[in-house]
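Two complexes are shown next, each including chain A; its partner changes from chain B in the first to chain C in the second.
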Partner chain A sequence: MSGTAQRETVSFWTSLHTGKYFDSLIQLTIAVVTLLLWEWGSNALKAEFWISRPSSVAVELMRWARSGDLASDLRLTLMEAGVGFLIGSIAGALVGFTLGWVERLGKLLEPFVLSLYTLPKIALAPLFVLWFGIGPMNKIMFSAMLVFFMVFFTTFQGTRQVDRDLVANARMLGANRWAIWTKIAIPYAAIWVFTGIRIGLPYALIGAIVGEFVAADAGVGFRIKEATSFFNTAAVFAGLVVLMVISMILLGLLKLIEMRALRWQTASGIIEPEVTP
Partner chain B sequence: MANPDAARTAAQGSDMLIEFNEVVARFGSLHAMGPTTLSVRRGEFLAIVGPSGCGKSTLLNMVAGTLNPSSGSVLYNGKKVDGPNSDVGYITQKNYCVPWRTVEGNVRMPLELRGMARGEMDERVRFALAQVGLTGFEKAYPKQLSGGMLQRVMIARTLAYGPHVYLMDEPFGSLDAQLRMRMHAKLLDLWQQTGATFVFVTHDLQEAITLADRVVVMSRRPGRPKLIVDIDLPRGRDVVDIQADPAFGAYVKQLWHALDLH
Partner chain C sequence: MRLTRRAALAASLLPFAARAQGALIPVTLAVSSNSLAYGGLNIATRARLFERHGIALKVVVMDSGNAAISAVLSGSIEFASAGPGEVIAVRLRGQKVVIINNVYRGLSGSLILAKSVADKLPAVASATLEGKLKSLDGLAIATPSATSAYTHPYKSSAEAAGVKIRFVYMAQPAMAAALQAGAIQGLIAGAPFSVTAVTSGAGVLWISGPTGELPASALPASSACLETSEAYAAAHPDIIQKMRAGFDTLSAYLREQPEEAMRMLSAAYPQIDAPTIQAAYRNDAPNWGRPVFTVADIRQEIAIQVASGTLKGAEALDPASLLLNP
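This part shows the complex of A and B:
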C-alpha cells in the first residue's frame, strides 16, 4: 500500500519537474514577481509618475470599462484594424502573386519594389490625413497600407522562388495553363501569403493606433495619447495592456487557422517503412 | 499494366520512337554532351550507363522536353520535341512531389490532370501504391518521408497514369539491395504487360544487363555513345537466376571495360 503511494508521489514530482505544469508554474511565478516588483519599485523609488503601478493601472482599466468607453474604443480600433487588414492582405496577396509569378513583370518592376521597400511607411501617416481626413477612413487606409506592404513583399519574394522545374514537371504530367495555376501556383503562393499575413497582422493594429495618434477623437490609440497629455500614466498603461491582450488573441487565432490550412508543413516526424514489399 | 494498349496505339509510322540527331548540350561555356546520335525503338528497354556528369540526365530531359538541345534535334514519334512532353512518364533524380499534397494526393495529381473518373482514380492510386510497397502511407506528407520513399512515390505517380514511355533516371539509387531486386522484377513485369518503351539511366551495370535489351555506354564528358551492346539473354528473365548465366558475367566484363578505358 505505502509502496504504491510512494511511487505515485515520486511520479507526481517527476511530472512536475519535467512536464508542462512545471513550466507553466515558472511562467506564472515570473509574471507575479514582475508585477510585485513593479508595484514595490514604483513606491520605493517614488516613480509612480513615470511608471505608474499595477494597482493604479487596474483601477484605471475598471474605470475605463465602466464608463462604456472601453467597449466603444475597442470596437472602433478593431474595426479600423480589421478592415484595414482585410483590404491590405487581399491586395498584397494579389499584387505580390502576380509580380512574383509572372517572371518578366517581376524583373521589370523590381527596382520600384525595392525603393518602396526601404521607405519607412510610418512616415506616410501625415499624408494619409491629407488624403483621407481624420475619420476612421484614414486609419483603415493607413493600416491597409502597412499590411499591404508586408503581405506584398513576402508573397512577391516567396512566389518568385517557385521551382520552375516543378512547373515543367507538372506540365509533363499533363497540366495545362489553368491547372498550373490552380494546382501549383496558387497552393505554392498560399504558403507565402500566410507567412506575409502572419508578419502583417501586428501592422494592422500598428496602423490603426498610429493613425489615432496623428488625428482622432476616439479609439484605443487616441485614449493613450490623451492620457499622456494629461500625465495620466496609469491610463497610458491601461491602454497598452488592452493592446497587448488584443494582439495576443489575434496571433492565437492566426496560429489556429494556419495549423489547419498548412497541415502539410506542421505534420512532423519521419516515417520509415518497416517492411518492404 | 493500366493500359496495355498504350504502346500499340502509339505504334504508328517508323520503328523508332525516339531519335537523337547530332544532339549537343552546352551550358554556358561547358560542353556537356554530344554530338549524340541514337535511336530508341518502340517497345524496347534501353539502358544508358556512363560516368557521372556525362549527360545522361540531360538526354532524358530532352526527351521530356524540359531542355532544348543546343544544336541537333530530338524527335519523338517522328515529331520534334518542343515543350514538356506529356506522353512520357519521367522519374527524375530530383523529386518533384508537391509538398502540400499527401502521398495519395501526389499520385492522384496526373490522373486529375487527365480528367479521370473518381472511381478509376482511386483504383489506380491504390494499385500503384501497392506496387511500390507504399500501402499504408497514403496520408503521409512528403516532408515526413525519407528519400527512398519519395522516390517510390514518384514511381507510383508514373505507374498510375501508365505513359507510353518511361524515362527513369537512376530510380532505384536510394533503395536497399533487396527492395531494388523486387523492383526489377516488377519493372520487367510492367514492361512485358504494357509493351511500353523504357529508357533507363543507371550506373549499376548488373541492373542495366538484368533489365535491358540494349545498353548504351557513354564516354566521359562531353558524353557521347561509345559502345552499344545488345543483351542477348532470353526474356522472361528471372532477376536472381539471370546473374548466374555465364553470358551475364561476360556482359558485365565487356561493359566494365568500355566504361573503364577512356
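This part shows the complex of A and C:
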C-alpha cells in the first residue's frame, strides 16, 4: 500500500471514529441489539404475555394503522397535547416573568404557587372531567396545567437572576422600561423559558394521556387503556412506542426552534455583544 | 352481672384465641369495584362468615376487573373477583385463570340516561325496550371497561336494534359526577353508583339490569365471580374449599337472617339511605346467594362475547377448562 493510500485509509477511520456518524452507528447498534434481546428473551422465557416482543408490537402497530384509528387517535392526542402545551407555556412564561421581575409580587405569591406546585396533580385528573367534561378540553387543560408549572418555575428563577446592576446602569444611561425589558430582561430569561419548555414538553403528552386514561372515547391513551382491558400487552407497547416517537420528534423540533431563537446567545447563556460592521 | 363480664371478656379474647391456634388463614381478594354486586361479599366479611371456615378475608377494591385479575397474575394476592368476560379475555392470552364460584348472578349494572337527554325524547321512546335502545344511538355512555360484564349485554342489545353506542371507559365512582357535569349522556353501573346518579337528579333509570329488562340472550350468567390462578388452586385445594364454604354460608345467612344481613349491608354502604338499601336487598340478595357456576353458564358467557364481537376467538375455548372442578 502506498503512503498516500495508507494516509487516506487512516484519515477515513479516524473521521469515522471521531465523527457523529460513528456515534449514530453505536446508537443504532444499541437499539437493534436491545430489540433482538427483547425478542429472544420473550421467546426463551415464554414471557410474551408479560413483556410482549418487538415483532408482536410491530404487528399491532400495523393493525392499528390499517384500521385508520392510528391516524385519528394521533391527531386527537397531538392536538390535545399541542394546544395544552401552548397554553401552559405561554401562561407559565408570562406569569413566571411577571412574578420574577416584580420582586414584591413574587415574594408575596411564591408560597401560594409553591403549594400548588407540590400538589400531586395527577390526583386532579378526575376533577378535570367534572370541570371540563370528557372531550378534548379536559385533556388540553390538564396538559396546560402540567406544562404551566414547569415553564413558570424556570422562568421565575431565570428572571430573578437578571443582573440588577446591569439594569440599574442601563436606567442611569437613560434606558426606558421597554428597552430594559426587550434588551436585558427578556433575552436573559429566554434561555430559562426554553429550558422550562423543553422540560414541559413531555408533560404535555403525559397530561393528554392521563386525561384519556381517566375518561375518553378516542386517542392514544384511550387505545392503551382499551388494550389493557383485553390484556393485550403488545398493543399497550405499540401505544407506548407511538408516544415515544412523538416525543422524540417534538423534542427535535423544539431544539431546532431553540437554536434559531437563541442563536445570539452562547451556550453559557451570556449575551453576545452586537458586532458593528 | 359477673356472667355478663365474663361473656364480654370471653368475646374480647376470642380473636386472640383464634390467632393463637393459628386457625385463620389470611387471604386477599381484589374486587373490581365497590358496587352492590359485591354487597353479598361485604355482608359476609362484616358478619365474619369466612372466619367460620378459618379464612381471614381482606377485600381490596380495585379500579377494574382487569386490574383485579392482573393482581392475581402478579402473585401478590390470592383471589380476584371480576366478570367472566375478563376471565375469557385473559384465557385468550394463554393465562390459566379459573372461576371458582359465582359472586353475583345475572346483570347487576343498570343504564342511567341523563335527564336532559331523556326529557327531550318523545314518550314513545321510553315505552318499549327497542325504543329505549334506539334512543341511545351515538350517545357517550360510560362503562367500566371494554370487557366488563356490564358492557357487552348493552352493546349487543343495542347493535341488535341497529344502534351504535359510543362507550367511554371510566371507573364507576367517577360516573355520577361526570353525568351531572354533562360530560357523558349516560352510564352503566351497579348500585350505589347508578342510584347516586338518579337521586342527584342528573339521570333517570333507563334500562334496569337486575330486573332482567334486556333480552335473555344478552343477559350474562354472572356480573362477578370468584377467580384465582390454576397454579394457586392446585397448590391450595383446602383454601379453595374454605372459600366456597364461605359463600355457601353466605347463601344460608341471607336466607335465614335477612334483617341482620340488611343491617350489615347498611353498615357497608353508609352513603345509601335505608329505603334504597331495602330495595337493593330485595333485588340483589337472590343474586348474591347463588354461588354455583356451571359449564352452561360459561358457555352462555362465551356465546354473548362472540355475538357482541368483543372477544374474538372465544368460541375456540373449552368452557369446562375455565371452571375449577366443574
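The working rule: the second predicted complex is superposed on the first by the 243 of 277 C-alpha atoms of A that agree within 3 Å, B and C clash if a C-alpha of one lies under 4 Å from a C-alpha of the other, contacts with A are read in each partner's own complex, and residues count from 1 in each chain.
The criterion applied here is as follows: contacts are C-beta pairs under 8 Å (C-beta built on N, C-alpha and C of every residue); 3 or more make two chains touch, one makes a residue touch a chain.
As the structure is a computational prediction, the values presented were derived from the model and not from experiment.
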- prompt: Between chain B (first) and chain C (second), which does A:31 come into contact with in this model arrangement: first, second, both, or neither?
  reply: neither
Larger residue footprint on chain A, choosing between chain B and chain C, goes to B
* Touching partner for A:165 - first (chain B), second (chain C), both, neither -> first
*Is A:183 touching the first partner chain B, the second partner chain C, both, or neither of them?*
first
Check: Now for A:131: first (chain B), second (chain C), both, or neither, which partner does it touch?
Finding: second
Please work out whether A:228 is in contact with chain B alone, chain C alone, both, or neither, and reply first, second, both or neither. second
**Asked** Taking the superposition as given, does A:173 touch the first partner, chain B, the second, chain C, both, or neither?
**Response** first
Residue positions on chain C within touch of chain A in the complex are 64, 66, 69-70, 89-90, 92-95, 140, 142, 145-148, 166-170, 174, 177-178, 180-184, 311
The residues of chain B that touch chain A in their complex are 64-66, 83-86, 88, 90, 92, 94, 96, 98-102, 109-110, 112-114, 130-134, 137, 140-146, 149, 157, 161, 176, 178-179, 182
In their shared complex, chain C is touched by residues of chain A numbered 49, 126, 129-135, 138, 214-217, 222, 225-226, 228-233
Residue set of chain A touching chain B in the complex reads 165-166, 168-176, 179, 183-184, 187-188, 190-191, 262-265, 267-273, 275-277
